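I have a structure I would like to understand better, so I am pasting it below and will then ask my questions one at a time.
Each chain carries a letter (A, B and C) given by its place in the written order, and its residues are counted from 1.
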Amino acid sequence: MDNATLLDVKDLEVIYTGDGGRVQAVNKIAFELKEKETLGLVGETGAGKTTTALAIMGLLPERNSRVLGGQIFFQDGDLLKKNKNEMRLIRGALISMIFQDPMTALNPVKTVGDQVLESLKIHFAGEMTPAQMNERVDELFTLVGISPNRKKDYPHQFSGGMKQRVVIAIALACEPLLMIADEPTTALDVTIQAQVLALMEELKQKLNMSMIMITHDLGIVAEVCDRVAIMYAGELVESGSAKDFFEGKLHHPYTVGLLGALPSLTNHARRLSPISGLMPDPTQLPAGCKFHPRCPHSMPICEQEAPYIYKSGGHQIACHLMRDQEGGN
Amino acid sequence: MEKIIETKGLNKYFKVSGGRWLHAVDGIDLSIPLGHTLGVVGESGCGKSTLGRLIASLLEPTAGEILFKGQSMLGQGSKSQKEYRRNVQMIFQDPYSSLDPRMSTFELIAEPLRRYKVHQSKADLVNIVVDLMRTVGLDLRFINSYPHEMDGGRRQRIGVARALALNPEFVVCDEPVSALDVSIQAQILNLLMDLQEERNLSYMFITHDLSVVKHISNEIMVMYLGQCVERTETQKLFAEPLHPYTQGLLAAIPLPELRENKKRVLLRGEVTDPIDPQPGCRFYKRCEHARPQCIAGPVAMTEARPGHFVACVLYQNDDSGGRNEESHA
Amino acid sequence: MSTATLDSYSAEMVRIRKKSRFGETWVRFRKNKTALIGLVLFSLILAIVIFADLIVPYQASMDQVIKDRLQAPSPAHLLGTDNYGRDIFARLVHGSRNSLLVGLGAVAIGITIGGLLGSVSGYFGGFIDNLIVRFTDTIMCIPLMLLVLTIVAALGTSLVNVLLAMMIANVPTYTRIVRSAILPVTSMDYIEAARASGSSNLQIIFSHILPNAIGPIIVQATMAVGTMIINAASISFLGMGIQPPTPEWGAMLNEAKQYMLQYPYMVIFPGLAIGITALSLNLMGDGLRDALDPRLKD
């Protein structure tokens, strides 16, 4: 019944080193991703979601970032222990990533067909003939809903939504096991977003692929994600299945704040209830629970000790308020 | 009720290569009662930003007129335009590019005050700026900070303070929260609503986000490719969206709740540019109810339900109330 | 809190910060080692220009002592003597005035006029922009030196005419530089916001456009001074500029060219002077641009 675990992140710690000193970007986060599962990684700007994704891909900027600790188990090995060449072979072929802005993700001076082909050439040069590769490119275009006749067109001849489809085609070229999508629809109109999301769902089913969907939009999470993980100031504050999240009774105060702050079609209150204050400056993180300065329920212990981890089934919440709940550590 | 802003047959065409014309705004008639908010909704290319700039007098209309409290702005000289600006101000979308990076908070807010010589002395000027900062909830310690030293939410508060500096009666809000994180969005929206109550302001609230506009608007106007396709009170629009585009738009929004049946009506196709458009409905190509009637001639705006106007052949015979508003196509 | 206290408190805050704005720029500039080196070098050169008479009497640069001609550097003549027996050191020191005057002057005037034209062109766009761009295109087709030489030939050789010629020749370049620095700024939202705040076109150009476009303009300007000095020197070298016996670095090179192989010091020292001056200006310009930009961190 249970699918095998595809990705297992344990105690991941990433820092950025600038001339201002050290900045803790990701602080000991841990989560699992099973095969054919979509995990929604949710958080606001600066929460550390993109850093996490880059760490998995081995794309963290060398100059000013460092992985301090942790493991990222994928298939048989720890990605953090692999060297550059090994990671290069994995990227694109086993794990691929798509980024937020389709406008800048494509090379303006190469045809879209060539850009998809590039991915195939890098990984399958010895194993596929040029004819086979071309066929595959056609397949991919059809898969993402673009006519293969447009292979020879340039990016500027496509609209935003179509560009994003090309980007998806490139990411899928080598049939990766895991796709990381970093806010893939933020730059798109809502009706186009709906099309792209539907496409991603369809592809996930067809290709038996797992996906990590990074987003700040809880609506998207409800639409496409099986599991949800909420990040705040570099830490995971809550994670669980989509059901735990949208229908469960217990939540981290930040989650409650996020859900309450959403102007939504179903929320009929005239005034919204935003979370007061701002996410902390990463160079000056509060002690104890990172959220306590903004939390309406904060207690003295929140400032002193790291949050209590409550676990119940697949649902995990890092909050001292959960101490009295059943389930526990 | 007195109308603060009205437009009659407002057009804005831009010349594009090849001697053709881009119909950015086409035949817009609207009226906003004092103290009300008109939400203008649409996706990219629909002309809502252009409309906002026309009303804020940052663009000259190609045809049609704008009335402020019954007075036409047509053919007025620069002096009366300056007077108009006292009454009609604008909040811009991008808190990053709408603030001069070389000016401090103080200087940014003081600019309109200086131009209109609202203050008697330097101390007076500082007082007014401090007052405005308090009004928008901007901590005084940022008075000498530069935009890049502050986050998006604070920068947008500067934008609001600047817009309020001259005590306008009408403010055009061009996607004021789109570039902000969810929790900050809620703060700014609440601020705008509070200000409206305190100062009896009227707003034109431009956005692509239907869930945001629902909270803040009394009436909503849906635009598509330069034309108004539907206009009515907020509750009526959400209760019964009439125009197929509105229906598609609403259906495309991902809701933050789990639904069993995830099948949604998806609009096919892409938004095109309204360059030298054909007469008739511009939504024709994407509409599932399309029929020859749609492009036979201009589609008039009819009052399909009381107080609910729509430009669609499906409702041509539902005209209640006998008021027929022409829409130029 | 009473309004009176708030008044004085805030007025204080605003006033203090305004003063330190320049201080801030200076602090940032100071941190840049190469910029500081440029500044020090240029200050040295400037000091030489200003205090030339105190360093060495003018006469020393003009006195021809034939029996002492073509002497290598020695305690008596720090940098040697030229073919007329004039002390090279003295000529370098006094020549600095002429060289720098032409360089700085040409750029200063060129940028002012070019800046104005470029601002109008970039800000208003449309027909005016087209007109100005075509006009500058035409003039820029002519190689700079050729243009300058033609003007000087027409007007006669003298310091003033060289200045005039340089100025005319480089106004088009600055027009385009300023224009391209301004174009991205013009399309920014904050320009529209300034219009919405009631600013007139002139106010927008001076309060918003120029301060933001000034970065690339300053860098270009300081580097251009070096180039202009070299150009002026080139003109004098060709014999069309400042005439002997007036000391000027380029003219000195001209006079030295026939003695280049046997008496290289006659060429090396003026050449170094030109090179170091241009270098110091370049270093300063880069540093200034970085220091002026409040977004230095990014």
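Things to note:
Note that in this section a contact is a pair of C-beta atoms (placed from the backbone, for glycine too) under 8 Å apart; a residue touches a chain by one contact, two chains touch by 3 or more.
These figures come from a predicted structure and were not determined experimentally.
Here the largest set of C-beta contact pairs joins the chains A-B. The chain with its C-alpha centre at the largest distance from the centre of chain C is A. Separation between the centroids of chain B and chain C, computed from CA atoms only, is 49 Å. Rounded to whole angstrom units, the spacing between the C-alpha centres of chain A and chain C is 52.
Rounded to whole angstrom units, the spacing between the C-alpha centres of chain A and chain B is 33. The part of chain C that touches chain B in the complex is made up of residues 3, 6-8, 10-11, 13-14, 17, 188-190, 192-199, 203, 207-208, 211-212, 294-295, 297-298. Here chain A touches chain B in the complex through residues 44-45, 159-162, 189-195, 197-198, 216-223, 242-243, 246-247, 257-259, 261-266, 270-276, 278-279, going by the rule given at the top. Chain B meets chain C in the complex at residues 53, 56, 58, 82, 85-86, 89-90, 92-94, 97-102, 104, 106, 111-112, 115-116, 122-123, 126-127, 130, 140, 143-144, 146, 148, 159, 162-163, 165-166.
Interface residues of chain B facing chain A in the complex, by the touch rule stated above, are 43-44, 151-153, 181-187, 189-190, 193, 208-212, 214-215, 238, 248-259, 262, 264, 266-268, 270-271.
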